[in-house]
Amino acid sequence: MSMKKNYVVETIRKAQMVQLLASGKRVDGRSLDQHRELKIETGVIPKANGSARVFLGNTQVIAGVKIATGTPFPDTPDKGILMVNAEILPLSSPYAEAGPPSEDAIELARVVDRGIRESKMVDLGKLNLVSGKSVIAIFVDCNVMNVDGNLFDATSYAVVAALRTAKMKKYVIKDEKAEATNELIQVPVEKTPVSLTFARIGDKVVVDPGAEEEASMDMRITITTEDGGNVCASQKGEASTITPAQVLQAADTSIRVGKAIRAKIIEATK
Amino acid sequence: MSMKKNYVVETIRKAQMVQLLASGKRVDGRSLDQHRELKIETGVIPKANGSARVFLGNTQVIAGVKIATGTPFPDTPDKGILMVNAEILPLSSPYAEAGPPSEDAIELARVVDRGIRESKMVDLGKLNLVSGKSVIAIFVDCNVMNVDGNLFDATSYAVVAALRTAKMKKYVIKDEKAEATNELIQVPVEKTPVSLTFARIGDKVVVDPGAEEEASMDMRITITTEDGGNVCASQKGEASTITPAQVLQAADTSIRVGKAIRAKIIEATK
Amino acid sequence: MSMKKNYVVETIRKAQMVQLLASGKRVDGRSLDQHRELKIETGVIPKANGSARVFLGNTQVIAGVKIATGTPFPDTPDKGILMVNAEILPLSSPYAEAGPPSEDAIELARVVDRGIRESKMVDLGKLNLVSGKSVIAIFVDCNVMNVDGNLFDATSYAVVAALRTAKMKKYVIKDEKAEATNELIQVPVEKTPVSLTFARIGDKVVVDPGAEEEASMDMRITITTEDGGNVCASQKGEASTITPAQVLQAADTSIRVGKAIRAKIIEATK
Amino acid sequence: MEGQEVGEGKTKLIDESGKRLDGRKWDELRPISIQVGLMKNADGSAYIEWGKNKIMAAVYGPKEVHPKHQVLPDRALLRCRYHMAPFSVDERKNPAPSRREIEISKVIREALVPAVIVEDYPRTAIEVWVEVLQSDGGSRVAGITAASLALADAGINMRDLVVGCSCGIINNQVVADLDDTEDKEGSGDMPVAIMPNLGLVSLLQVDGIYSREQFQKAFELAIAKGKQVNALQRAALNTRFFGGEAKTTQVEEVAE
Amino acid sequence: MEGQEVGEGKTKLIDESGKRLDGRKWDELRPISIQVGLMKNADGSAYIEWGKNKIMAAVYGPKEVHPKHQVLPDRALLRCRYHMAPFSVDERKNPAPSRREIEISKVIREALVPAVIVEDYPRTAIEVWVEVLQSDGGSRVAGITAASLALADAGINMRDLVVGCSCGIINNQVVADLDDTEDKEGSGDMPVAIMPNLGLVSLLQVDGIYSREQFQKAFELAIAKGKQVNALQRAALNTRFFGGEAKTTQVEEVAE
Amino acid sequence: MEGQEVGEGKTKLIDESGKRLDGRKWDELRPISIQVGLMKNADGSAYIEWGKNKIMAAVYGPKEVHPKHQVLPDRALLRCRYHMAPFSVDERKNPAPSRREIEISKVIREALVPAVIVEDYPRTAIEVWVEVLQSDGGSRVAGITAASLALADAGINMRDLVVGCSCGIINNQVVADLDDTEDKEGSGDMPVAIMPNLGLVSLLQVDGIYSREQFQKAFELAIAKGKQVNALQRAALNTRFFGGEAKTTQVEEVAE
């Protein structure tokens, strides 16, 4: 979210925050690598094929999965389709606006999509119906309901939880045509990617920045890891820099903290 | 049309109009339930499959019908398609603007469409050619040429007159394919819906408001009735209210006045 | 390009230019019917099926050809498709803007397209594969890289040179289906249309106006001729007029000068 | 005779004993629960579940007007967007606003403005965002019901709440509060919004074929049911501002 | 030899005796009727029927310029939109402006501006709206012909009227005023607009293949025919401002 | 064990002797040539050929900000557009900006801003246009490399150049500077941009699956290769400003 800043106030606020961080403290009392309380509710939109509402502190995101059949992309004729979209609703923040997706919303959707896609969370090969003609297409739409920092992680967790609990029709193939049965089966989920976002404020890097911290942050970096402890996606953001050492340390933190969050997501989506 | 108002002038103007209405008079001398002169010309656009130009006082609308074959909507595989669109041309008023359809034009088209559709004026079942594959699609486009109040009724009459006089190719079905013949037949018109629009100015309700009355009106309501004397559509507009009693009285007036207008439309489209 | 003009400076500048032209001289020393140095490079975009970069003075345009199969237009079921598009890149000039194509870019593309199309440069009949079902579609996209006047001619030469050097797959038809072979063949080019653009400044008409001349010009006219010495397209532009005698003289000049330019284009695209 | 051939009769939506597909009587509302003030950033908010509708309304303002040429010198500019989430309906909906959403945004705005004392906030904007997370029949009246609570929650001066209910016709019979199936298979839908204390109608749309008697019956039923929902609105505001359990109020709990 | 292989020759558009499909001679105009001042709201308007073309042109202004950064300090800004109604052509046209309409709007504007004394209206906008209700060949020149009358009707100061005619080539022969069939089946179309009293050309577009001689012949024919249409323009203005019957003038009535 | 099952292994992109499809070693860059200042109108420009990438970057500014409400009172507003020509890729690309191009425009802007002393140009706009004429793998880092030179060529005050390189994984092996085939068939792509003298990372994006060790190896390789490309940047600036042959520098000529 690009907020309209009051430069004088922002400068004072940031100076205070940097001072606080120098003594290892954050505005809300968390430790540097501590994320806010994560709550995950699933099945919140019964009409969707899968859904989840995630609260990360006061940030709230709802993801809904819709599944249909479609035509595969020409270059992947035997793979299903997975699309992640996000809208930062105007009701979510005084700075969000109605209209076509902003640059921020497009980046948000693409970074979340990348984490899901690159982890191979969903086995797209299992979504093939008739090669080159018909595949299963999964759309995950995310509604950001309340903005309080770190949309990347909250949105990612919502998408992962929605996909983990999504059910789709089983299809049978007759004469090169896919026919839907009444049987419902799980979406073929293989992995549980976990996104972790850091903010650099001054020379300190903190996990899961809240809105106040984002208003003062210089740089943002998201690192997504998968079950094997591998890194599968990353995105640096904001118009500033990060040192190589900070990148590597963030990767370590992401692998470590990611494990706990993954367990929590798996628990919430059993 | 959202006019840029000069608040002082508007206020004085409205006060005068309310005073006049208190004595049962309208600015142009009409009685409260009297509509302006209605002129209907048909066949004005020979290249269209049906067309009409309607004058309601100085409000002028041209409707043109284009008929083609198309694919039915998935949820109505054996029904034809009827679409009504409207453009409030920039040449029609100093307040109209070029560009994509305004909120006003969209409401206009949708309210007119609703009256036509809900009255079951056109028997869409008779527009089926090959179920699920091919149907007749009827597009009615309306050009508002001059704005002098009550676009809803003028546009509705133009659409009804254009459809009543529209002719389409007769199709024969061969091997599950629709083939056009050279024979021209009437569009299957079953009903003649009549829209009647009221404006509340102060506590008086008048029929067929002109532009001056619209500039002073608090509330607008359109009620469409069909041949059986039934109500088939309605839309309240403008940021004000109406009493329940006024709604019921408007319904009675719409049924009563609608009969005379229906006779006039039928006469003009024989 | 609609430049933001400083009216005082422009007026003085134009007066000087008119005075200079009265003595038969142009700001850059050229004679009235002399075009600037024309440089043509082909094959500049190896991934395209044909490409050319044209320098006309400091005006620079790159055209790239992409060839695919497509469905013919309903009214020309046995003819291929040829489309010319142009973008005046924001990097080409301080007055160009990012965004959807401006009125200027649309006119540019359509005038260049017209010259190519009307000359029958490409034999669209030879691009037919399966009548009514499958044809070869040729897209020529033009990137204006640097604006220094006379985009019309530079873009036209780039398109012509790109098409003259474009290669496409040879197709064989089996069972009503077009199959691509590995053989590459020339696009069926029959003619080499040459665009020539004139500017009227005061009462003098000059060939190939540069940016300074365009800033002072009253009227622009483009005349395209083909190999047979026939006129195949023309477009007058700018909000002023031309005398009938000037039109006919421009046609004569276009035929005469066009021959030399045609020879140059053919030489560069052998 | 007038009005006799009305009705579609294809699907049996109401049985001989007057029971509808979901077991409701002809004049019975679906379950409704309302919570006010859930959203953290918004100046006011309300969440309503009405049948299978799940709708969040939030309000921002009064705030500065951008662009400035839209400023109204003597009152607030009320903006309104009714939007359906892509996952809110059976087939995924394109997130770009449809013509239907544009029209509904307009009529919702025109239904709310009469209740807002816009003269108290000259030269400002008040924004009302209605997001349909899951859609059943009657989403626009549910949205209005929530939106007027969100305005109240934001502390905006109001003459009255606005509350809506949609009635209509199934199998040639007037019924209250159509759900999705009844809306699609039935022969008429009539969303009505009222300012209940002032006894005024601020939204009325009609679809379908009604005899004069059916029109009046459906219209008056919608008003009566709107008043019933208004009791839920008041209870939800009460919970929000004067404590008590935050549990959701069910329609069954409300005395008519 | 140059120019010899020109022409398509597929459809027989003109017979041995020089008769065209609709019975016209090679240099004959279609019937034209013009009415000035029909529109009530516009500051000026003109309606033209030219062959099967039915075109309404209307003018608003001089008026304030919005947005302000488009203001021209020393003259009026002339805006122009050429637009085709969806029902104006054989296949329904999408109402959004096509690239063709955008280009034609531009050349019409550039054809009209030289005739308007824009210096008399600095810092204002003059809007010209050309709506094609039914389209035949030559709609842009018919639109210009009507638009310049609408400007005159609006009382805008002008140096001259602007009038157009399109000539072209069918079966390798120059003819005047192509209709739709001749435009599509023929091998060339040359719309020309002139300021007839000043003898200046303000629009010229050429499609098709013309030998040098054919080019000149078609061009000069278009100018001559434009002058003929100008007589109709003047008659229509006369009817508008100095009474007389409001009946439509036919081209046949006009002395060349 | 973690990271072991990483990699796709379908296409043989690197052979037993460590040779890649185009003959490069695992840590070898494609040929790169850079020219600064080719564009006549732009305030600064640079053209880069990197493998099959052909990219022009140009800079305009500092200039006035339009619209005015975007003015930053204490620094310059840097605008950036990364755009692919329709003919730059195998299948013709629609010229309208895709979501991918919008995201890349954003990360390129955020990679460049830290190097620009934006405080030196308050209330102005600096525009950076990156046009991909032909695309191979790594076009965004090539674009950044050219764009920072274009900024320098425009005389904009900078803290450092920005230079990028993309590393990644093919057949479960870390390699430098993926080309198009390696990007599509490989299992990971990691574009990195650095400010080489300050030792800071200004762009990092990661696709694909990397063990912790592979992540570090690829990341550090990208930084090392970026420094190598920076030598080419400096050579190109040298040629531009201090003469010498304008011939293109090849990567082979550069000492590491």
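Should a chain be cited, it is by its letter among A, B, C, D, E and F, assigned in written order, with residues numbered from 1 in that chain.
The rule is simple: a residue touches a chain if its C-beta (ideal position, glycine included) is under 8 Å from a C-beta of that chain, and two chains touch if they have at least 3 such contacts.
Model, not experiment: these values are computed from the prediction.
Graph distance from chain A to chain D, where chains that touch are one step apart, equals 1. Identification of common neighbours of chain B and chain D yields an empty set.
Ranking all chains by how far their C-alpha centres lie from the centre of chain D, first place goes to C.
The mean-CA centres of chain B and chain E are about 33 angstrom from one another, to the nearest whole unit. Mean C-alpha positions place chain A and chain E at a centre distance of 58 Å.
One inter-chain figure worth recording: chain A and chain B are separated by 48 Å, centre to centre, where each centre is the mean of the chain's CA atoms. If you draw each protein chain as a dot and join the dots that touch, you get one closed loop, with every dot joined to exactly two others.
Round the ring, the chains follow in the order B, E, C, F, A, D when counting starts at chain B and proceeds to chain E.
Those residues of chain C whose C-beta lies close enough to touch chain F in the complex are 44-48, 51, 58, 60, 62, 64-66, 68, 85, 87, 89-94, 98, 100-101, 139, 141, 143, 145-148. Within the complex formed with chain A, the residues of chain D that make contact are 39-42, 45, 52, 54, 56-58, 60, 63, 81, 83, 85-92, 95-96, 127, 129, 131, 133-135. Every residue of chain E that touches chain C in the complex is listed here, in rising order: 2-6, 73-74, 78, 99-100, 102-103, 105-107, 109-110, 113-114, 188, 190, 195, 198-212, 215-216, 219-220, 223. Against chain D, in their complex, chain B makes its touches with residues 7, 103, 106-107, 109-110, 114, 118-120, 221, 223, 226, 228-244, 247-248, 251-252, 255.
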